[in-house]
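Here the chain labels run A, B, C, D, E and F in written order, and each chain numbers its own residues starting at 1.
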């Protein structure tokens, strides 16, 4: 019973943050702020939906003693880990490339990177 | 040689995690263990110059490895939750004050810089934009530069985080 | 004029294909005798759980051989194209 | 109790379709790359959930492959945009 | 040119993970989805990750074109060789002579749905390995060759 | 029912991205859209329960083909010219 509520809560949190990420992607004014929304919110949301999957697989394992559900949970965990790892690197690469290609942050109070002459 | 052994052990660990629950020697069957050892030897032969490129074997200490999951589950996750609530607030209200600031850290090792940069990207309203290859200063796009912070040419790394002192944790793990 | 006509033709063709797709049923082909044979005997004859691999490498091994040859030929072709550029010396043809 | 997983996948797919707006509008190529990156993340999430729906362990491997490899094309595009390729 | 330090370190860590994961897909080709072609493509994409993270001059010191060529040919030869051994044993081309024999990869599987055992499948794992080696070498060397073309046009 | 809606949405996304490949004059954006097409068709294969094809599509179509396209664009030129 508690597992079902946990699944619902995790799924709802994940969906809410994914939605916020996409809304931020559509709403923010320039590239860097959009990247804030997509990187943080969608990674967090996807990790939470994966957590729901892990909780469900554990509850399935407890009800039917079948070791393949443990394998399912472990693989889902590896997928979430790889997702967080690669998303961080990828967004850093995009931000660096955008700044090098001349896209400056349009509303910005300070830009130390441009002052550093890079 | 040490690089070979370390890569072998790490890849064997990954393979055993992937194939857990296949038999009854522990969690694995005999053929999976044999195949894991052979494939890990192959991986070590291919990738030994990649994983230990810096020839810095400080991370071979298992205690440091145990600290990484504690770091990820504990302080890092709290910061992630706070950062996401912050981003949610800014998505809804559009109250932003962006800017690129310069952050200095006295981390030296590659792993330390890597962990700090990724923690900064995933946590407190900031994205790592660029890195100075010599002084290891990070250029960071902050979505909400605090009042008066734009005047300071360089800010320290622990001033970014509010709940837990993540750079201190990283220093404990990687330095 | 030509653009509008081509858009019209595309729309008519798409509707036509859509009407055809309404009649199709997935997963129930008419000539299924061979499929049934593979599904029934594949696990036993090749001692494998993955029927797809059994078909690709065992029953239809020649296909895979041809596919590998195609990849090999592609690599040889790419190597031939870039050979001079790699070596970097002026050939007598240039 | 309703199965909550299928509606979750439906919402994720709708979000994927919303990302197309940024892909079409995006003034710079950087915005388009960000949109595609978002689609990757959402797709991995829906792949994991679908693997659970089908009750197949082996399906999750696809999600791992996807998560590991989808950012390589992002890296190539970023390297080209930065003028470093 | 090389990319930033963060990307380079991430590529170094991820390369080992992608290689072991691709080898896992190749090795379990007869049990799980995937197989030689898919696993080889995964490993080749890992090589592409190393190529994108470093500059071309550094890459040709790390990834040897000669080794990849040898791999590509050896995979095809091994694939055809396994099929030819079956002729040598007096059966037909591509006959699965190792299945249910009790030797290497020769265990029998129980009928019906089960999670599988690695030591089954006859010659299928060998063929998976052969195709995996070939695809790894082939796809990686295509990207290397195309990249070498860029370096030359820039100077000219 | 929900499964049908998911199929329809994914296929609509496929059609939109394939059209975008045609309409973008910036070849970099076209390569991006074709990568997106590969991602979505991998998802569709997964929905049709063909994980073998999904893996090979994710690895070849999404990873390597985009890389080869980008390298090719780098060695030629980025913007498509109007037809004479």
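Here is the rule we go by: contacts are C-beta pairs under 8 Å (C-beta built on N, C-alpha and C of every residue); 3 or more make two chains touch, one makes a residue touch a chain.
Bear in mind the structure is a predicted one, so any value in this text is a computation, not a measurement.
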item: Of E-F and A-E, pair with higher C-beta contact tally; value: E-F
item: Most distant chain from chain C, judged by the mean position of its C-alpha atoms; value: B
item: Central chain (distance from its CA mean to the mean of all protein CA atoms); value: D
item: Chain C and chain E, separation of their C-alpha mean positions in angstrom; value: 20
item: CA centroid of chain A to CA centroid of chain D, Å; value: 10
item: Euclidean distance of C-alpha centroids - chain A vs chain B, Å; value: 15
item: Chain E residues counted as touching two or more neighbouring chains; value: 3-4, 6-7, 10, 14, 17, 21, 25, 31-35, 37-38, 42, 45, 48, 52, 115, 139, 142, 146, 149-150, 153
item: Of all residues in chain C, the ones touching two or more other chains; value: 52
item: Junction residues of chain B, two or more chains touched; value: 18, 117-118, 128, 130
item: Chain E partner contacts - residues on chain C that touch it in the complex; value: 43-50, 52-54, 56-58, 61-62, 64-65, 67-69, 71-72, 74-75, 78-79, 81-82, 85-86, 88
item: Contact footprint of chain A on chain D as seen in their complex; value: 1, 4-5, 8, 11-12, 15, 18-19, 21-22, 28, 30-31, 33-35, 37-38, 41-42, 44-45, 47-49, 51-52, 57, 60-61, 63-64, 67-68, 70-71, 74-75, 77-84
item: Chain A to chain D touching residues, read off their complex; value: 4, 7-8, 11, 14-15, 18-19, 21-22, 25-26, 31, 34-35, 38, 42-43, 45-46, 49-50, 52-53, 56-57, 68-69, 71-72, 75-76, 78-80, 82-83, 86-87, 89-91, 93-94, 96-98, 100-101, 103
item: Chain E to chain D touching residues, read off their complex; value: 1-3, 7, 14, 17-18, 21, 25, 31-34, 38, 42, 45, 48-49, 52-53, 150
item: Residue ranges of chain F in contact with chain E within the complex; value: 51-52, 54-56, 59-60, 63-64, 67-68, 71-72, 74-75
